[in-house]
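In what follows, structures are represented as structure tokens.
Presented sequentially are two complexes of chain A, the first with chain B as partner and the second with chain C.
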Partner chain A sequence: MKTLVLIGLSLLSITFLTAQSAEQRGLQIAKAADKADQGFNSSIVHLKMTLKNKNGQTSERLLITKTLEQTADGDKSLIVFNSPKDVKGTSTLTFTHKIGSDDQWLFLPSIKRVKRISSNNKSGPFVGSEFAYEDLSSQEVEKYSYKFLKENGTLLLVEQDPVDPKSGYTRRIVTYNKSKGYRIEKVEFYDRKNSLLKTLTYSNYKLYKGKFWRAGTFTMVNHQSNKETVLKFSEYNFEANLTDEDFTQVALKRAGQ
Partner chain B sequence: MNSKPIYYLLLLVCNMHNIAAQTESLKKTHHDFELELEGEYRYFYDDALFSSQKDHFPSLAIRPEYKAAWNKGYESINFKGFLRVDVDDERTHWDIRELYYQKAKNNWELNLGIKKVYWGVTESNHLVDIINQTDAVETFDGEKKLGQPMAQFTWNTEKFGTFDFFYLPYHRKRTFAGDKGRLRFATVIDKDDLGYESGAEEWRQDAAFRWNHYFGIFDIGLSHFYGTGREPLFLFDTTGNINAFYPIINQTGLDLQITHNAFLWKLESIYRHAKAQDFFAMAVGLEYTFSNIDRNGLDIGLLAEYLYDERDELALNALQNDIFFGSRIAFNDTQDTSILFGGITDLESSSTIFSLEASRRFGSSWTAAIEGRIFNDIDKDELILSNFREDSFFRISISKYF
Partner chain C sequence: MNALKKAGDATNAFAKKWAEFVIKFKWPVLIFTIIIALGLGSQGNMEFDGDYHVFFSESNPELEAFDALQDKYTKDDNVVIVLSPSNENIFTKENLTAIEELTAETWNTPHSSRVDAVTNFQHTSAQGDDLYVDDLSYESASKTEAEIKIIKEKALKEPLLVNRIINEKGSVTAINITVRLPGKDSAKEIPEVTAFIRKTIADFQEKHPNFQIHSSGLVPLNTAFFESSMRDMMLTLIMLVIVIITTLILTRNFVSTIATFIVVVFSIMSAIGFVGLMGIKLTPPSSVFPTMILTLAVADSIHILITMLQKMRKEGYAKKEALVESIRLNFMPVFITSLTTVIGFLTMNFGDVPPFWDLGNITAFGMTMAFLYSTTALPALMAILPVKTKETKKNVQKASWYTSLGEFVAKQPVRLTIISTIIISGMTYLATKNQFNDEFINYFDETVQFRSDTDYISKNLTGIYNVEFSVGSGESGGINNPEYLQKLNEFENWLNTQPEVIHVNAFSEVARRVNRSMHGDDESFYRVPTNREEAAQYLLLYELSLPFGLDLNNQINVDKSETRVTVTIQNISSSEMIDFSKRAEQWLQDNTPKPMHTIAVSPTLMFSKLGFRQADSMLKGNIIALILISLVLMFALRNFKMGLLSIIPNVTPVFIGFGFWAMYKAQINTGMVIVFGMTLGIIVDDTVHFMSKFLRARRELGYDAKQAVIYAFETVGKALVTTTIVLLAGFAVLSTSSFALNSYMARITVIIILSALIIDFILLPSLLILISKKSEVKTPVKELNTQIQLDK
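Showing the complex of A and B:
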């Protein structure tokens, strides 16, 4: 009888523990992924964005992205457009915040104007692509709530619900690879009506500085519009030793001049 | 066997290789050359107010650009040239928009040469922006500027914001439309007829300073300019003669933007002091954007600004007590299609100017733009604007980028 009670109790506690840990384990995985990527300091990367419409016609954009790692708050980033040529030099400076809206400035090279812009438009497309602004902004742990879904070999599936009501998604299902430093292999995006909107697949991973996994290709497929955007990253540079001085409005104008 | 010497030798070779690689990347110069060719057609559909003014203005423009950057981009030479050929002889003009050397190090930046600098936040009027002379024959909105010779030193601090110091050794005069041109006064103003208050004329040594910073949702700029003004002063004596010249001015400017959710609240204000004239002017307004309306990227922005100028009817831009309203539509499509339309209306008279600007990319290296300015019910008593009352126009332009 005693044993039965004990078994019953331990069964209860297991259920209790697992019920509680779906959220906790999800958060743990997100934190582990964040931690695995800590210490890269800064990076510069060249990016080719290929936009494909449903008829297969393509157009291209060339960008350079500089990122500065921050520990107390979200990362800083500077994006410069090199093509199409009519928008060459158009640049953005973003200070991501773990809590609250990001600070963002836009540089317009034709009139040399720096304009502070609203970061309200998270769900809108980035330069006509299938990437929304929120897909490309720095991924901070605090921006989602988490739920662990299942383990598939070394792959861990975690549901992430955006904290910000302005997000275009109800949830994202993120596939982490535990054995490869918790790098992300795939993200599925569900729209506000909770139907599958897009799938982002990461491929051509490379390990930099023996620690940081960076995908060479991002492929975003929109299942509702049948449009596709491919990002190809090249010339990753982790040795530039960028500082806060490379992420100011002065540096923004310099980058786009 | 002692392997240490080999180890050290290897280390030395590796280091030398590293140093060589580093100096290589420091010395590496990136060259970048670009060219834009533009064909433009302006059509003024009302009969001209003054004889010899034309209706049709086909025109061509060339914009070459060259950049050489080294020292990981912290040092560069930048060039932007401009040439336009037009029916109006005064609008046929060339300019060095930019030709300067730049060096940046840690928290400072130095610029030497001919450069363009923009200050301000509002859309319908640019009061605070004073470093460059307006290229008045190029566009009606005054957003195109002439290159300004300068030495600019920028000092950036994390806590106290950015400080800009300008030394401006040379003044450039504004060009006005010629005999055949539209958007001019009854008498053609030759820019050489306008004199200077300063005995040093265009060689008066001028200076400017600006501080800007941001605190959370606030972006603020404070500036001061001391030198020969960019706007000529028109004085009318009792006999009706016009005395026009470039005065020596002291101008203090303030620009402020509050970025709160989808709202941008904006304020620009100046106080200008000259021997012959003191005045205050401001532009205050807001911009609100409904973003991604159709879940397909469509953004619709609404703009409203109030403009005040103490000079009243002597205000060169005729924006003395006016309301601007407008809308910016961005499709966020692969062709970057965008439309901006609106109107400025005088609160004391019937005068209204409607405007439309739209642009779109074709392929990867062509763009097309349409512009319309409609002068509606312009009050004949408006000292400056009444001269333009028959000058409503449409403009189309096509550009090819190489």
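Showing the complex of A and C:
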């Protein structure tokens, strides 16, 4: 009888432990991925965004993205539009925050003014693409709660639930590659009614500075609208040594001119 | 010439042999037919398709244009939930909180892609140098009285909301749920959405009893189609009861009733098998096929049974002989009627509306099988089952009624012809006064909730009909061109001045709104930007500020070269709808550069043009039906002149039907376009019977025209009245359908069938006498006789 109780208790504790560790392990993986990418300081990259609708009609936008690594808070980033022609020079400056809403400014060269954007809304499409702003912004660990799902060879599947109630998603399922510095291979997005909305696939990975994996292509497919957006990254530059000075409203204005 | 007579004799001999064969092998024949019926029936699979797309053939240009528009932007089907709080004010803390709650819940609707409500409206405002875009009322439960007052003021000033999401008083509001149905299996997707919406509404109603709730939109429309198919299917049961009662009254024999019942059930089972084998998905128009087949098939059995029983009762035949004689006499007429009916129904394939192809084909197949069962299973059953009859002489008295009618007509053929001609001409003139109207809301009568809810919404909030334009700029990113924006704005303004327009949703409104906010909410900047870069950059800024599901992708195409203008229209008739769209298209041609010229599209407009399209395409089919059926008659009557004459009593009932209709409703829908071909196949029956008896009297009995007419009345008068009653019963049952494509079609068919009988009793005999008289005057009797001989 005693042994039975003991077995029962140990079984219970195992289930409890595994249940707990699913969340802990998920968080661990996210932290490991975050850590693996630490120390890149800053980067500059050219970006070609191709939007494709159901009929195969396409439209392109060219951007340059500058990123500055932060440790105490979320990363800072600056995006400059080079095309289409009528938005050339328009740039956004974003301060991601680990907790709370991000800060975002937009410089409009036509009126030479910087406007702050209400950042309550991060779930909408980024310049008409299938990427939401929240898909592209810096992935801070604190923005999600985690649950480890399963291990598939070197691939680890983790469910991430956004903390922000205004997020467009109920959850994302992220596939990390353990053997490649915890780089992300695939993300599946589930909408508010918990049905699969989009799949983001990372490909053409390259290793920079022997440590930082960067994908050359992001392919986002919307399963509900059958629209697709492809991001192609080129000319990664980790040697620019950008500083906080390059991520101010003044710098934003300068970047756009 | 004797070949035809030989053919006639041959058919007689064939029919006799057939009957003898069936009676001899009654058990194998019966078992064989049971196997066929069960075999076909086992393939039966009745699936319903409620998607409104089924009404449009793939080559329908309006559908193509609409699909192209949806591919360019987003494919939107929608559900509108309209809330009317009992205090007649949306803007209270409780009501806003409830609306917010329901809005959040409806995001969970299967396949939903967007939910628009007053609370989540993306309100744009300037705060210093910042652009602020946010829900109009977020976390309403925490709002103060003063904040709610501001929300109310903002909402009632917002052109995008008023007359679309809220009414001018702010007492009624809508939640518009956009769903993107994958379109893989509409028979599953639509009920899935409907079930969710109904449950959500029921739950909400329970929690907030102070709200009155109505719902409409394209998904509820599809559901209404779906449910009306199933309801009309149920009419079959009523018809079955009527068939049993009618057969019992007419034959006064229990066994005959059972046999008839078995024949019609076999016919329907076979038709259901056909539906399954062909993979047809049933729609409201095609779901009435069981009632159609019942109505038409029962006539075959009744003809055969009545003759058989008469032979037994009056002429003292034994059962077997009576049966053989009845088959011999009826085989050809039943074959001819089945053939013409099948031809009539098959002509529906000429039309442009797929559900009617299905109806035509299923019914044609069912009728073919009904003919087979009536000439196999029916005699086999009658041979097997014991039939008891008492000799009666009751009918003698009744026949005199038909005799006196015959005498009445024979006395005054000229007068009756003139009167009939006047009435027919008058009715034909009236018939041209009918107008096409395919307002899809009015397809449903007031007993259908979709109709009553939609009427409520039209009366209290907004319109359900819309028209859309994809207005191009001719270049990538061209929607930010100030000239384009200016012209688009002018188009928006012009649309707003049109009397039938309730609301316009155009991109120029977004451009104005953002421009105003970029200038510190200064009202004088509520106009489209005048600089292309400015416009493009404002748009970029605005788009970056929108949340999930509330973006502009449903309004702007990917390379920003075209925008979508959605115009909400009052409930107007199809011709007014077409007129409006033409006016708008013309305005664009007259006032804008070439790339902006475009055509109006929408489901409403597709339905508006459906009747015209169907009528155009059916014209050819109807002419072919008329020619084919007249040829069949010429062959059946073995007389070219008589076949030609038969066109008059076959065609004029349709004119009378539509003439009556002009006085009754004056509006005709797509469903009524098919009645010409369909009724032609049915009413031909009367003419065939009457004329063949007339000719027989002249040819075989040597009667003169007047005597022959009276003879025809005496012999077939009752049979014609009997079949007409059965047909009227069937179509009367159908006319109770809550779905106008079916009920209108059935109602006009009732008028046509009734007038066909009257014409066959009044005009046809008069004409027969008049035509014969002419030839009698011109030619001596002897020659006439030879001529008739030749005609044989």
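Here is the rule we use: the second predicted complex is superposed on the first by the 244 of 257 C-alpha atoms of A that agree within 3 Å, B and C clash if a C-alpha of one lies under 4 Å from a C-alpha of the other, contacts with A are read in each partner's own complex, and residues count from 1 in each chain.
Simple rule for what comes next: a contact is a pair of C-beta atoms (placed from the backbone, for glycine too) under 8 Å apart; a residue touches a chain by one contact, two chains touch by 3 or more.
In this text, all values refer to a predicted model and were calculated from it rather than measured experimentally.
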{"item": "Partner chain(s) touched by A:L62 [first = chain B, second = chain C, both, neither]", "value": "neither"}
{"item": "Chain B versus chain C as contact partner of A:V127, first or second or both or neither", "value": "both"}
{"item": "First, second, both or neither for A:R254, with chain B first and chain C second", "value": "first"}
{"item": "First (chain B), second (chain C), both or neither touched by A:E245", "value": "first"}
{"item": "Chain B versus chain C as contact partner of A:K193, first or second or both or neither", "value": "second"}
{"item": "Which superposed partner A:A32 touches (first chain B, second chain C, both, neither)", "value": "neither"}
{"item": "Chain B versus chain C as contact partner of A:D103, first or second or both or neither", "value": "first"}
{"item": "Contacts of A:V87 with chain B and chain C, given as first, second, both or neither", "value": "both"}
{"item": "Partner chain(s) touched by A:L155 [first = chain B, second = chain C, both, neither]", "value": "neither"}
{"item": "Chain A residues contacted in one complex by chain B, in the other by chain C", "value": "51, 53, 59, 84-87, 111, 113-118, 120-121, 123-125, 127-128, 168, 191"}
{"item": "Chain B residues within the chain A interface of the complex", "value": "34, 36, 67, 72-73, 76, 78, 102, 104, 106-107, 109, 116-118, 120-121, 143, 145, 154, 156, 158, 162, 212, 214, 219, 257, 259, 261-264, 289, 291-292, 295-297, 299, 332-336, 361, 364-365, 367, 399, 401-402"}
{"item": "Residues of chain A that touch chain B when the two form their complex", "value": "51, 53, 59-60, 83-88, 101, 103, 111-118, 120-121, 123-125, 127-128, 168, 191, 240, 243-245, 248-251, 254-255, 257"}
{"item": "Interface residues, chain C side, partner chain A - complex", "value": "71-72, 74-75, 107-113, 122, 129-134, 180, 182, 476-477, 480, 518, 531-538, 540-541, 543-553, 556-560"}
{"item": "Sites on chain A touched by chain C in the complex", "value": "51-55, 57-59, 81, 84-87, 90, 92, 104, 106, 108-111, 113-118, 120-128, 132-133, 166-168, 191-193, 195, 224-225, 227"}
